[in-house]
Amino acid sequence: ADEVTLQLKWVTQAQFAGYYVALDQGFYEEEDLDVTILPGGPDIAPTQVIAGGGADVTIEWMPAALAAREKGLPLVNIAQPFKSSGMMLTCWKDTGIEEPMDLVNRTLGVWFFGNEFPFMSWMSSLGISTDGKAEMGVEVLKQGFNVDPLLQRQADCISTMTYNEYWQVIDAGVSPDELITFKYEDQGVATLEDGIYVLEENLADPEFEDKMVRFVRASMKGWKWAEENPDDAAMIVLDNDETGAQTETHQKRMMGEIAKLTAGSNGALDPADYERTVSTLLSGGSDPVISQEPEGAWTHQISDKALN
Amino acid sequence: MTLLIFSVVIWCAVWAMNRQIANSPDRDDRAARIFVPVVLGGATLFLWEGLVTGLGVSPVILPAPSDIAATFAASTAILWEDFVQTVLKGALTGYVIGCTAAFVIAVLIDRSSFLTRGLLPIGNFVAALPIVGIAPILVSWFGFDWQSKAAVVVVMVFFPMLVNTVQGLRETDAMQRDLMRTYAAGYLQTLVKLRLPAAMPFVFNGLKIASTLALIGAIVAEYFGSPTRGMGFRISTGVGSLSIDLVWAEIAVAAIVGTLLYGGVSWIEKVVTFWHPSQRR
Amino acid sequence: METDSVRPSGAGTSQRSPVIEARKLDLTFQTNDGAVQALRDVNLTINKGDFVSFIGPSGCGKTTFLRVVAALEHPTGGQITVNGMSPDEARRKRAYGYVFQAAGLYPWRTIAKNIKLPLEIMGYSRAQQDEQVARVLKLVDLEGFGAKYPWQLSGGMQQRASIARALAFDAEILLMDEPFGALDEIVRDHLNEQLLALWDRTGKTIGFVTHSIPEAVYLSTKIVVMSPRPGRITDVIESTLPRERPLDIRDTPEFLAIAHRVREGLRAGHAYDD
Amino acid sequence: MKTAFPVLVVLAAIVALWYAAVAPMNIRTALDQAERAGAAVEPAGARERLEVSVWRLMIDNPDHVSEGYALDRPRLPTPVQVGEELWKTTGEMVLKGRAMSKRSLIYHASITLQSTLWGFLLGTTLGILGAVAIVHSRVMDMSVMPWAIISQTIPIVALAPMIIVLSAQLGIEGRGVPKAIISAYLCYFPVLVGMVKGLRAPTASQLDLLRTYNASQRETFFKLRLPASLPYLFTSLKIGIASALVGTIVGELPTGAISGLGARILIGDQFGTPLAIWAALLAAAILAGVLVTLLDILQRVTLKRMGMPT
Amino acid sequence: METDSVRPSGAGTSQRSPVIEARKLDLTFQTNDGAVQALRDVNLTINKGDFVSFIGPSGCGKTTFLRVVAALEHPTGGQITVNGMSPDEARRKRAYGYVFQAAGLYPWRTIAKNIKLPLEIMGYSRAQQDEQVARVLKLVDLEGFGAKYPWQLSGGMQQRASIARALAFDAEILLMDEPFGALDEIVRDHLNEQLLALWDRTGKTIGFVTHSIPEAVYLSTKIVVMSPRPGRITDVIESTLPRERPLDIRDTPEFLAIAHRVREGLRAGHAYDD
């Protein structure tokens, strides 16, 4: 079998259910692939791992991938299982925040490590500076990995994913009525999230191309399966979690939310989504994420063969 | 490739020269003691340059020193802002508070052998607590700004300093103490005239260990939440956005600051404990 | 300095008041491999103005006895009084000047500052301190070395500095543990003379440990010979030498007779069959 | 056991302080919860309460103070809560015969221990060899020693990702090796410094003695320097193993956070289960205690056999 | 042991072959506050089988001279040969047994193992090692203490152990730096006798530093008197005493005459005006 190493963006969780299902259900094996899944974590930059040859293929968000491309690492999107963005800003209602312009003069928690780009674009589209509290500014905190800043009111709003952190806030006993959320999708600044990326130079190699075709085909099969059997998929993820710290309820719920994000994608990148992402990123205010229109950052070369 | 070979040759030449200096009669000169490691460092940087360019290592994995230097020069404003946030506010505050508190408490508990015997073993446990576990807790207690970073530094430096000071205070030999007894010197007199001076070599040992820990503590704590400035912030986000050259520039700042801090403490140590055999030649 | 103190009259000692009185003194050290009896049944009276030498083989308890007197060690049996008080009370009254077997100077202080140490503690004024330092440095022939650090001096000079330190303040009782051990004969003779003169002038009570028989005989009004395992007193010799003692008194038959008696007492404490 | 009693007393004092601190630390969360459950709280509204000090809140809401001792997500858990969590993930797992399951801290501690021991082995070897080289060669002393110090001023967390990527590029499979390297990086320094001190401990006269015998460097090393350095070696080994443990846990974050105590801490942080963090922290402390104690026993036995007073 | 070695004949020394020859020896220490001239223009010939004592005030360079002989210090001027070789060559031939001023026993070795140290290095067999240890322990009266560690012994016993260590192997030249400093008179007398007997039996060449004039006179065939600042030789006294020396030879006029000459030489090196 051909060996493939997959680097995930984050720790083992239902966000990556499709790949674990494909592995567990033998879809990779059917395609004669021997896949190793490397979970991510804080401090793991999938882009760096793939550059260092630690993985053949990686799951990454498009803003980070495009930024890496501009830094001279030619990543190419070969498939895009996630159609919509799950990122949002979650705020306390009792702070009086009702619409985006109310964010002015507040303290906001944001994820960095390459995940800050959509937020920055959004703020610049609103004309809000991120250099500290001011009439047209916000105080930005680099949020850690948990939702404590919101619960302890060190921040008025924090970044959450529809499928993960939001539910942790709810699990902490907060009722949804106490919160107000702004989905990036609704604000028109959605950027593409989990996509499958490889190094451009590898694509020229027909053998590698063939491997990727089979990989994408099996992975999408896994995603289909996961959408149809969310609870079983969550259990598969749980079985693969080596930390033993994940909980069943949380993963089942996460799987449910993830299914909403994958819905509408057959795995092939929709060029319109790509264009929207690029224009959002290019409008990044004074310090845009990417300074020029990228070229060759995606291809249908693989998905066309895999999905038809 | 030629650069690689050239840098290897240079490195070997520098090593040979250092050998010469080290075996020459001037080897204990202040100048020689600084020159030798500095040229070796320079040669090593050059070797690094040669390896990276010669072997074509991608700059997103390991940038060449020349790239790092260029970034360093181009980002002095950012580096300065981060230095103020992490070093001046976080690390130094924590260092001063932690070391002072440890010193004072060491002097206080030293009067009770019960407390010392009870506290020291526990101190060793606490010293083995990983900062990566303590940092998120302290960030959630003390907020995102430098206060939580200082708190992490306090926790990190407290016990090494405490243990060293307590040990130092016991370092007087029996005869030196007996002498004070024959004078019927009081506790305070014995402390000021005998035990504190005798403890100084140990106190400085603690201060030196703490000086390397302080910076690391402040940087690591920023991984668990920070304002949008600081060396730890820049390093952690820099890796994510593949600005590895900026990451290395920050590492260089950390190394320089750490070395200066360590060197400063060593220099004060030399002045204060001039009498100790280890300071004489 | 109590230079005007009552000068003890003549060599007879019995009529003067006792300063140190030990009765049936016992001292046992508890160590992890059994108890060590360092002193057993020690009875001794030292009168005001006495110069008492202690002599005996290594490990016989000389140092231990001096330490008991200075309240640095507590006897496990028997009684000891100093000026009618317990040694500890006397210590708190700052009755002692103690010269240890090793110099024990503080390395972070210069020689002058080392000598000033007791003076600072006892609250002498700046001017008094300087005056005393100058006086004792001269006494032990270390003028000009006040600003040096201990490690810059040879062993013998360090020992003299520690003697100077003990002489700098006006202790009633001087306890000296082999103070001249590391000195050559000439320096030793010189310091012996100086010490005798000081004693004569001030009327201090002196306890003095030595390994040298001539030194003990030359200096003392009373020689205590000790023997080891357990440490006890085997002989107490009252010196019949006059108070005025030029160096060449050491060639008189009287001197040699006393030295002989000490040597015999000492030999009894050794196992050699020669 | 002359130390056992004082240690217990100090521990008891710490636990008591800890207990006392729980009330003020958790009062806000407790009041938030009580308010959501419909209780009357003074003042009403979490935002309003932010303006009021915790002491005021405790005085005004005495009935709710106790609730701070039973929170699911406490800012500061009680010692009992931590103890229970620790028991659930260790002792109880053992009783169920699942000591090595992924949910057992014993399993994770064993993973961490493995890397720690490899890192310790690597670090001490490097440290000792470095010290031997430094003591025997002046070039090494002059050129390497300053860099050893500088190496410790570099934040290892910044290097960690690069170490992983580089070791992957060098074809090293798995995350165990980079973890051990990070652990060794923290461990080698105290050993190096301690051993340099120890190997230089012989006095000039002890060295002169061997010179009069015309002893070789080898003989000088084995008969003088090495034995003279052993007390220093053990002291630095104890610091070294604690550093190796810290290094492993630090290394477990960027190495995929798959398993080990570091991964538990991270996941506990990410999923908002503070009890898991505290339990893992305590487990790390206990592990460190056990390792240091083992070395301490080894030290006593060795030094006793060498006849040194301890 | 070379018990069957040629026994040196009589007290005359001039006809025997020179072992150590120093010509115009200079040694200056460079210290941070200036140079210290420890030896200046030292000329000395020591013949095979000589017993040479060095005496002089503290800091006059006695230790330094011994260290130069043993190649532990390198002269900054002049020449010195040992058996016609440089001291360093002689050292490599393992010509020296050295007793240092401080005992310098290795604390992690028992007394017996300390004594075995040179034997291990010089490749003696196990059996030979045990035999030698037993012999020298008896010589210094430490039988039964072989299994003890140094810190379990009193200072005097430690010093004897270090003497035993130097005597355990068959060094041609024995250098002893104040070996009997911390011992009381009786033990000292005893060891003096033992040392003389050993020297007589083996014909070793011995360099011996002491502060005691009687000891120097009693032991030596040649007494070197030194004076400090800078260290130089002020007198070399060839002893006229017979080789056979009972302890009571110390009361003979001949002995006292030599002692007197040494004392005068010594006094000249001091600044006292008495």
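To keep things simple, chains are lettered A, B, C, D and E as they appear, and every chain counts its residues starting from 1.
Here, a residue touches a chain if its C-beta (ideal position, glycine included) is under 8 Å from a C-beta of that chain, and two chains touch if they have at least 3 such contacts.
Chain-to-protein mapping (UniProt): B, D = NitT/TauT family transport system permease protein; C, E = NitT/TauT family transport system ATP-binding protein.
No experiment lies behind these values; they were computed from the predicted model shown.
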Given subunit A and subunit B, the chains that contact each of them: D
Neighbouring chains common to subunit A and subunit E, by label: D
Busiest interface, counted in C-beta pairs: B-D
Central chain (by mean CA position): B
Most remote chain, CA-based centroid, reference being subunit E: A
Computed distance of Cα centres, subunit C from subunit B, in Å: 51
Subunit D and subunit E, separation of their C-alpha mean positions in angstrom: 55
Distance between the centres, which are taken as Cα means, of subunit D and subunit B, whole angstrom: 18
CA centroid of subunit C to CA centroid of subunit E, Å: 31
Shared-contact residues (touching 2 or more other chains) in subunit B: 61, 136, 140, 223-224, 239, 244
Residues of subunit E touching at least two other chains: none
Shared-contact residues (touching 2 or more other chains) in subunit A: 42-43, 45, 48, 51-52, 144-146, 148, 152
Set of all touching chain pairs, with the criterion as stated earlier: A-B, A-D, B-C, B-D, C-E, D-E
Residues of subunit C that touch subunit E when the two form their complex: 55-59, 141, 154-157, 181-187, 190, 193, 211-213, 263, 266-267, 269-270, 272, 274
Touch list for subunit C against partner subunit B, complex: 67, 70-72, 91-94, 96-98, 100, 102, 104, 106-108, 117-118, 120-122, 149, 151
Contacting residues of subunit A [partner subunit D, same complex]: 11-12, 38-45, 48-49, 51-54, 92, 94-95, 144-148, 151-153, 168, 171-175, 241-247, 250
Subunit C-facing residues of subunit B, complex: 173, 175-176, 178-185, 189, 193-194, 197-198, 200, 273-277, 280
Residue ranges of subunit A touching subunit B (in the complex, touch as defined): 42-43, 45, 47-48, 51-52, 64, 67-68, 71-73, 112-116, 130, 139-146, 148-149, 152, 154
